[in-house]
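Note that the chains are named A, B and C in the order they appear, and that numbering of residues resets to 1 at the start of each chain.
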Amino acid sequence: MPTTHRKAAAIGLTALLLAGTAIPAGAETLRWARAGDALTLDPHAQNENPTVTLSHQIMEPLVIRDQNAEIVPALATEWAVSDDDPNVWIFKLREGVKFHDGADFTASDAKFSLDRARGPNSNFKELLASIKEVRAPDDLTLEIETDGPNPIMPANLTNLFMMDQQWAEANNATEVQDYAAGEDTFAAKNANGTGPYKLVSREPDVRTVLEVNEDYWGKDEYPLEVTRIEYTPIQNAATRVAALLSGEVDFIQDVPVQDLGRVGQTAGLEVRSRPQNRSIFFGLQSGAEDIASDNIDGRNPLASKEVRQAMNLAINRDAIRQVVMRDQSVPSGVIAPPLVNGWTEELDKLPEGTIEDARALMEQAGYGDGFSIRLDCPNDRYVNDEAICQAVVGMMAQIGIDVNLDAKPKAQYFPLITSGNGETDFYMVGWGVPTFDSEYIFNFLVHSRDGDYGSWNATGFSDPELDAKIESLASNTDIEARDAAIREIWDRVQDEVLYLPLHNQVLNWGLKDSVVAEVDPEDAPKFKTFRLN
Amino acid sequence: MIAYIVRRLLQSLLVLMVVGLVAFAMFRFVGDPVESMLGQERTATDVERLREALGLDRSFAVQYWRFLQNAVQGDFGISYRQGRPVAEILLERAPATLELAAVSGALAIGFGILLGILTAIRRDGWGASLVMAASLIGVSLPTFLIGILLIYLFSVELGWLPSFGRGDTVRLGFWTTGFLTESGLKALILPAITLGLYQMTLIMRLVRSEMMEVLRQDYIRFARARGLPERTINFRHALKNTLVPVITVTGLQLGAIIAFAIITETVFQWPGVGLLFINAVQFVDIPVMGAYLMLVAVMFVAINLAVDLLYVAIDPRLRTK
Amino acid sequence: MIDTRPEDATPGAQDIGAPDAPRETSAEALAGPRGRLGRAWDSDLAWSFRHSPTALISAGLVLLLVLGAVLAPWVAPHDPFDPGTLNLLNGFTPPLEPNAFTGDTFLLGTDDQGRDVFSTILYGMRVSLFVGVSAVALAMLIGIALGLVAGYAGGVLDAVIMRIADVQLTFPAILVAMLIFGLAKGIIPVQFRDQVAIWVLILAIGLSDWVQFARVVRSATMVERGKEYVQAAQLIGRSGGAIMLRHILPNVLSPVLVIATISLALAIIAEATLSFLGVGAPPTQPSLGTLIRIGQGYLFSGEWWILAFPALTLLVLALAVNLLGDWLRDALNPRLR
């Protein structure tokens, strides 16, 4: 017995030493910081960027978006609509993929994961709402049946991570963590994925350490040069930049626009940028008879299309780009970013006219003497959100609109928009489009507020005919007819001046220049693609 | 004597109840946690279900009563932000704050007393005037600015000290310590100075004025007349008599240090309870906010009580009351 | 029973709950022998003032800054609170250099919104001083009233007031202020919030600061109450209120004055700190603290003037007020002369 013990100890020690030599300290470690931390490790509990980004390192979806936002294979190698049934999508799964604990990845795991993500606690269930049934006819085939043809099904799966069924069952994690009710599950603190990195340790809001998965299926396809990741959230922007400037971290994901120059000029550091798939714009309560935050009794000045046009003209998008955003924004004339299906250059043209034209429109609408109104704004959500709103206050003053700015943290701000009680009349929104399709924008922002539709539409705008057109997009498989319908809806939105478009944000990553990486269009870095010099 | 202690204990309990009520009332108004807990795609049913699950649909009194009941048992509920028991998170974060508070407290007391004595003895010297003036600068700038300026100078420009976090920590049971690693010790320096500067100034000025009072007392004059060496007079006789109020103030300042750590921890991304609190405020994480405020209250009340009792023990005149 | 020494007037002493210091109060020595606020007292102070370079310089600085703040509408080249007059393109103009787009030149440069920094500082100081002075006035009002009542009446009233003070001391000023701010934001209808933000700040800082006034006034009152002149006034049938206001108050004013001065500096800093935590003056009507919060974002980017000038102004203002408070304390305490 003692011999066995000693032997075991010796093997253990050797393994430890080997492990020590296998990963030379620091050489391939990437120290990564951003403002916020992932909220949970349960991949289906929270659909928000920091959480999804961390999951992307440890786990994988069936299909994934690459650097050009194209959908490419991940755990599925091929996919197509079934020849026999237009309501069924068939996914061929990758062979020989193993989870971190050594278990094989099979179609039953995929079925389990999708069913799990359709459960009541899931934060992804809306994306899978059209699914009727998921089947696993054999180990490498997955069939998804929807309640009607769903042409954009793969686009809904790019952040939908695959879990190991046995692992989940063994650890009592078959149900999605009820995050909202404060449920604490094994899957919220541990992860067993197929991804390029394994979880080593995690202290929420403090530090998370990942190490490369030596058995990763894609190690020949991807560089996989980063072998260890240390992830630290640093909230205070100045501290975060200081950490990069002083070389304490190698990569910060959110460089404040004013610090781009300093970071870029610092020896050994580099800034990489790319337009983000997110539009920033202002909403106006145009549907109500009267609004609370103005000084006009009995009427709603925003109900006048001329007033909305005047406000649209008064926003000096170029000045905001030059001064507030330091060229890190692309002024826009429509509330869809260019990557979205349905966007056209024509739509994106900035409104034409001078400040005099705007004043004339105000005159025409009967508001030549102006009016006062409150602008609600977040101060911790979008790039320079509060400063943009402040600038808009000045611009509105030019056409006689006296704006009171009320900026607050997002937790207190968003309820004003989503409560549906008309708590805000003039507000800022940023909208990302994870499906890269206009339908997503219409469902949330244009459709009347009705059940699951229009939950972010605080404009009071409602047109049953338009609503019907929006709803028809979901099952329209004739791509051309569908695109035509999208075009018609956009024309209407633009004609109504439903929203005042401002710009699309630009993503700015600050990196050590030894790190070669392209900015991810969804701001979710995939470290397996990073190269180190 | 016993009656006095019992009365003070009851008063303290009442104080805690009131603090609990005030803190609890505030949380009802700072925002809607439901909004930050659900993502972009959520439905009205989700919101309803969640409100119910959190008990937010109950009356104010019921919610407060439940809060108190659970708090007494050390159960502050589950953090909305992290989905874990608040007590567990607090325990995990407490070492960081306590170590930071201890180091800055030690800095403040050490340098505060030393500089206080020196400026009192040489009250008219230019060195003392310089120290006094410099100490005023320390209290004439907001803490967050001092922290950021220190980061700018020592991390970015000179590259000597880390700008954020605790460095490497060593786990001893449930406690994590930064005292045992080089990076941990280095990481302590800037936050400790930022946090301790204000208290140091306070203690220094207190010691100085107490010393100046004591130095003009008769027994000091007698000591001088007897030809005792200055050093003995200053440090043996005078200092000893200034220490009682200094200890009182210092004890209470320890609580203040932990409260002020909110700002220092935010600036330096120090993973302690202060940062946790600020995160909680932004996220409207009501259970964490409640637990934190109760924790601070308990600490202050305990210190207050201890000091009161200490006085009774020291001063016989109070016992007869 | 509970004496609070005037040393509590040391900066930051509002957090000190030093109870029952078993020593003779120096407030007695301070207020007692002089009796009334008389002419002699006045000239004494004046003499000390004339012969203290620190006092002269700091008083001069405070006067200068206060004048600048009060006269801001006439002195400042622009009105930064009028958004209609701002040109965003003027943003980030360095001091004394013409702007690349508009060609305008500014003495201390412009901030991120194209506001003239010099004007913004003058107007911001108005806000800071207004908040500071009002908050201290509020704290004084509450503190003196409660202190007088507690010290003069004693008994149950005294116990209740001092327990309330204990509750107050249980929470550090910053937490109290955040609490009140959060509460006010919830109670006040959203359309009025902007107008009341400043008042909420005053309330928050004022309410977190009254205890030290109450404690000092109370202990001084307890000492005065035993004095012969008070007993005499009681004998001729003066009412309690009249005695408190006419006889006791003037005699406890000097420690109050010292605390008030130093509290003013603290209140201005507290406002700045609250602004960093996101509960300060709104950015469209910035205080010095809000300006510093905005400016700290530009520390690394080379636009130093946005941070440096407001921070320097705050430093000079707080330092001068603190020095004045220091001098006042020494001057009013004859034993330290």
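Note that contacts are C-beta pairs under 8 Å (C-beta built on N, C-alpha and C of every residue); 3 or more make two chains touch, one makes a residue touch a chain.
A quick note: this is a predicted structure, and the numbers were derived from the prediction, not measured.
Visitor: Can you tell me which chain is nearest the middle of the complex, judged by mean CA position?
Guide: Of the chains present, the most centrally placed is B.
Visitor: In terms of C-beta pairs in contact, which of B-C and A-C ranks higher?
Guide: Higher contact count goes to B-C.
Visitor: Using the average of all C-alpha atoms in each chain as its centre, how far is it in Å between chain A and chain B?
Guide: Taking the mean C-alpha position of each chain, the two centres sit 39 Å apart.
Visitor: Measuring centre to centre with CA averages, how many angstrom lie between chain B and chain C?
Guide: About 22 Å, centre to centre.
Visitor: What whole-number Å value describes the gap between the mean CA coordinates of chain A and chain C?
Guide: Centre-to-centre distance between chain A and chain C: 46 Å.
Visitor: Got the chain B residues that touch at least 2 other chains?
Guide: Residues 30, 148, 152, 156, 266 of chain B touch two or more partner chains.
Visitor: Which chain C residues reach two or more other chains?
Guide: In chain C, residues 185, 296, 299-300 touch at least two other chains, as defined above.
Visitor: Residue numbers in chain A touching 2 or more other chains?
Guide: Only 238, 242, 245, 409, 412 qualify.
Visitor: For chain C, which residues are in contact with chain B within the complex?
Guide: Contacts found on chain C: 1, 5, 7, 10-13, 15-23, 26, 163, 166-167, 169-172, 174-175, 178-179, 182-183, 185-187, 265-266, 269, 272-273, 276-277, 289, 292-293, 296, 299-300, 311, 314-315, 318-319, 322-323, 326, 335-336.
Visitor: For chain A, which residues are in contact with chain C within the complex?
Guide: So the residues of chain A in touch with chain C come to 237-238, 241-242, 245, 256, 258-259, 261-262, 292-293, 316, 319-320, 322-324, 374, 379, 386-387, 390-391, 393-398, 403-407, 409, 412, 416, 423.
Visitor: Per the contact definition, I'd like the list of chain C residues that touch chain A in the complex.
Guide: Touching chain A: residues 82-84, 86-89, 91-92, 101, 112-114, 185, 190-191, 193-194, 278, 282-284, 296-303 of chain C.
Visitor: Which residues of chain B touch chain C in the complex?
Guide: That would be residues 11, 14-15, 18-19, 22-23, 25-30, 132-133, 136-137, 139-145, 148, 152, 156, 198-199, 201-202, 205-206, 209-210, 212-213, 216, 244-245, 248-249, 252-253, 255-256, 259-260, 262-263, 266, 278, 281, 293, 296-297, 300-301, 304, 307-308, 311, 314-315, 317-318, 321 of chain B.
Visitor: State the interface residues of chain A toward chain B in the complex, per the touch definition above.
Guide: By the definition above, chain A touches chain B via 39-40, 46-48, 123, 126-127, 177-184, 188, 203-207, 232-236, 238-240, 242-243, 245-248, 380, 409-412, 414-415, 418, 432, 444, 451-452, 455-456.
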